[in-house]
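Chains here go by letter, A, B, C and D, matching the order in which they are written, and residues are numbered from 1 within each.
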Amino acid sequence: MSGRVLEAGLHLLDRQLVDADGRLAGKVDDLELEFPEGGGPPVVTAILAGPGALSRRIGGRAGAWLEAVANRLRDGDDRRPARVSFGVVKRIESAVDLSVPKADLETNRLEAWTRDHLIGHLPGAGDAPE
Amino acid sequence: MRLSDLLGADVVDQAGRRAGHVHDVRLVQDGPLVGAFGASLRLDGLLVGRRGIGARLGYNRRKMHGPLLVKLAVGWLFHDGRYVDWDRVRSVEEDRILISGSVDDLGQPSPSS
Amino acid sequence: MKRLVSIALGILTAIGGFVDIGDIVANTETGARFGMSLAWVVLVGVVGICLFAEMAGRVATVSGRAVFDLVRERLGARIALVNLLASFFITFLTLAAEIGGVALAIELATSVNYLLWVPIVAFLVWLVVWRVKFDIMENAFGLLGLTLVVAAVALWRLGPDWGGLLHAAAHPVVPQGEGHPTWWFFAIALLGAAMTPYEVFFFSSGAVEEGWSRSDLITNRLNVYIGFPLGGLLSLTLMAGATLFLEPRGIEPGHLSQVALPTLLVLGKLGLAVLLIGFFAATFGAALETGLSCGYSIAQYFGFQWGKFVRPADAPRFHLIVLLSILVGAGLVLTTIDPITVTEYSIVLSAAALPLTYFPILVVANDPDYMGDKVNSRFTNALGSVYLLLLLVVAVATIPLMILTKAGS
Amino acid sequence: MRRSWVVAAMLLVGACTGPVRSSPVYESKAGQTAAVAASAVQTALLAVDAAKDDKAYGRYLTQVLVEAEEDAGSAQGTFDGIQPPDDRADELRASLDDLLNDATTILADLRIAARRGRFAELPELAKPLPEVAAKLDDFAEAHG
């Protein structure tokens, strides 16, 4: 055992995701674990983010409500939560830094929708902060 | 499998005796390579004990600076931690994890980093 | 030199930014009813907010994580959600109270019913959030809020028996005819007014907005340790004014207009005009802070982009939440519910909710993973523990006291 | 800000101003009402003082007087809505109502004059107010 030792809950879960441009891109709402093809213990393959992943963490009625919201936001029958492959994780510190811009992430859908349908229509939405 | 399937689950041995809830999962970065991250995070074992927010506060790490009051309170509430090596896990069911052997021979976890 | 100017500006802003509708209402009410016998609570509150804000500012500066980031990280998704709901509700109530307060201040200057001003005020608050750069916004309203110093000038011109006021403040006794529970209930209201959670959401998020680095830690300290106590002193002058003018006449103030009486009786029209500008600036500034804090808390819980340091189009959900909060807050005031009543509720509930945000910050401020060598000192931790216990007692006592005293009546 | 606290407490505890069972409760409500009215009258007196010395703007004075009248009026309205439990309560109610009427009449006169911009008339109109205030204070004291 020579690699870095982390506790999933303490060091990873609920931390801020920061994209390649320094923009905030969601939270580590859950982790996906898979058994490697060659056998052996499971490894972390992806970060799950967004309401579809968070709903299971919350549980109860609030979780069910969040799940329903998440399902409405997805296209068709796709019931998977938004997934960020662990391959694009650059660094784990007080935030989790990613090596890609958030426009490339599945987690970006709700934000893009809010911009395209609501906030983007207000005058001055695209102006840089003076 | 998701991390949330493990967190909070009841850990039970072959005789049906309970060791407590999973309050955290220890990962070691020495798994197969995954993209730019390098070696992936391998699931090493389960931190088991009484459930609660105590574990999330990070007071099982010696380097936590204080305050003494919170340290003592958390230590008193969550003193019964045990460690389950992943090798001992037989099956992961809903809200329940079956382990081999007996809960009596589970050791204390090494301090976290 | 430039650095000195920026430090001075920060301190002045902190003084002006300290006082909001909650402080104005709580200090005047308490002075009118209990004289200076609860002045010590303001002292306790000021020390508490200094401790709390300095920690939150330091954590945000060193780790880049604002308050609700930490609440979620340390308490987990579930408990943090309950925390979020409570904190958001209180911040939202405070926002509604501030919008009402701005409208009431304009009503006093124009004699046009405050309800007609509410939509205009709400629009202006949104416009500033939408368009004006963060530091300009913060400095402009902080400095303008300094005009409240006129209340202190009035007190000084009046030349009261300072020794008597000090003696009353230093020897707290429950006045005759008042019950202990009521006295303690007002003490909680006063504490909640001085230590509102939104101040800390705003302060820590502001450190991120302004891109503070380790070299700004000294600025953080000075802003907090000098600015907030002077702000507290300002709210004590309101209490003293009420003690001298309203208490002897048995006036129990229920309107913003009555808060101005002591100042105008001493200084006349000019004093009144300056004080009204102060009311306007203090409540408008606080409306901006609470409006933004509504967005900060939700965005930081869910992890989506927030802040005025990016284009609005790049933080669409944050701006949507702020916009909706302002709209619904204005709607609440338009139901003709008394803004002063909303204020009273918001400060009392603020006091009860303090441990929810204070505790996670206290923990993270001790975590070297986030803080490196900037973890809390032993002294800060000792004081921090005393306050943790105090705030827990307050949180437990608030609701029973509220019922027992029929909310202070 | 007793009035708003009371309203708030009613919402919270679910109390309401329906019939009051015992006369001590009725009496203390009468005392509270007198105190609220006294506070409104004293506020108006301070405003009149300010007007005398030309210390405040007309708009502000008008606002203070309007609010004073509203406070006294709504306190009276709430009190009159309470069912008196017995004959003694009827007497109490009658004597308080007289006082409250005196107060609200003068407060209304002040408000009318202020709205018309006749601020010079305020001191004259307010002459009986200190006596009304004293009586209300005495009443509140006796039945607190």
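Here is the rule we go by: contacts are C-beta pairs under 8 Å (C-beta built on N, C-alpha and C of every residue); 3 or more make two chains touch, one makes a residue touch a chain.
This structure is a prediction, so every number in the text was calculated from the model and none was measured.
A.B. asks: Keeping to the contact definition above, tell me which chains border both chain A and chain D.
C.D. replies: C
A.B. asks: Take the average of all CA coordinates in chain B, do the same for chain D, and state the distance between these two points in whole angstrom.
C.D. replies: 66
A.B. asks: Using mean C-alpha positions as chain centres, tell me how far chain C is from chain D in Å, no decimals.
C.D. replies: Measuring from centre to centre gives 32 Å for this pair.
A.B. asks: Quick one: chain B and chain C, Cα centre-to-centre, how many Å?
C.D. replies: 41
A.B. asks: Can you tell me which residues of chain B touch two or more of the remaining chains?
C.D. replies: Residues 56, 58.
A.B. asks: Spell out, as numbers or ranges, the residues of chain A touching 2 or more other chains.
C.D. replies: Counting only residues that touch two or more other chains, chain A contributes 9, 13, 57.
A.B. asks: Would you pick out the residues of chain D that each touch at least 2 other chains?
C.D. replies: Residues: none.
A.B. asks: Edges wherever two chains touch, nodes for the chains themselves; is that graph a line, a ring, a star, complete, or other here?
C.D. replies: Graph shape here is other: it fits none of the named patterns.
A.B. asks: In the complex formed with chain C, which residues of chain D make contact?
C.D. replies: Spelled out, the residues of chain D in touch with chain C are 1-9, 12-13, 15, 32, 35-36, 38-39, 42-43, 45-47, 49-50, 53-57, 59-60, 62-64, 67, 71, 137, 140, 144.
A.B. asks: Could you please specify the touching residues of chain C with respect to chain A in the complex?
C.D. replies: Going through chain C, the ones touching chain A are 63-65, 69, 72-73, 76-78, 80-81, 130-134, 299, 302-306, 308-314, 316-317, 319-320, 369-370.
A.B. asks: Could you pull out which chain B residues touch chain C in their complex?
C.D. replies: It comes out as residues 53, 56-58, 63-70.
A.B. asks: Please name which positions on chain C make contact with chain B in the complex.
C.D. replies: Result: residues 74-76, 79, 362-363, 366-369, 375-376, 378, 381-382, 384-385, 388-389 of chain C touch chain B.
A.B. asks: Which of the residues in chain B end up touching chain A in this complex?
C.D. replies: That would be residues 1-4, 6-7, 23-32, 34-37, 39-44, 47, 55-56, 58, 86-87, 112-113 of chain B.
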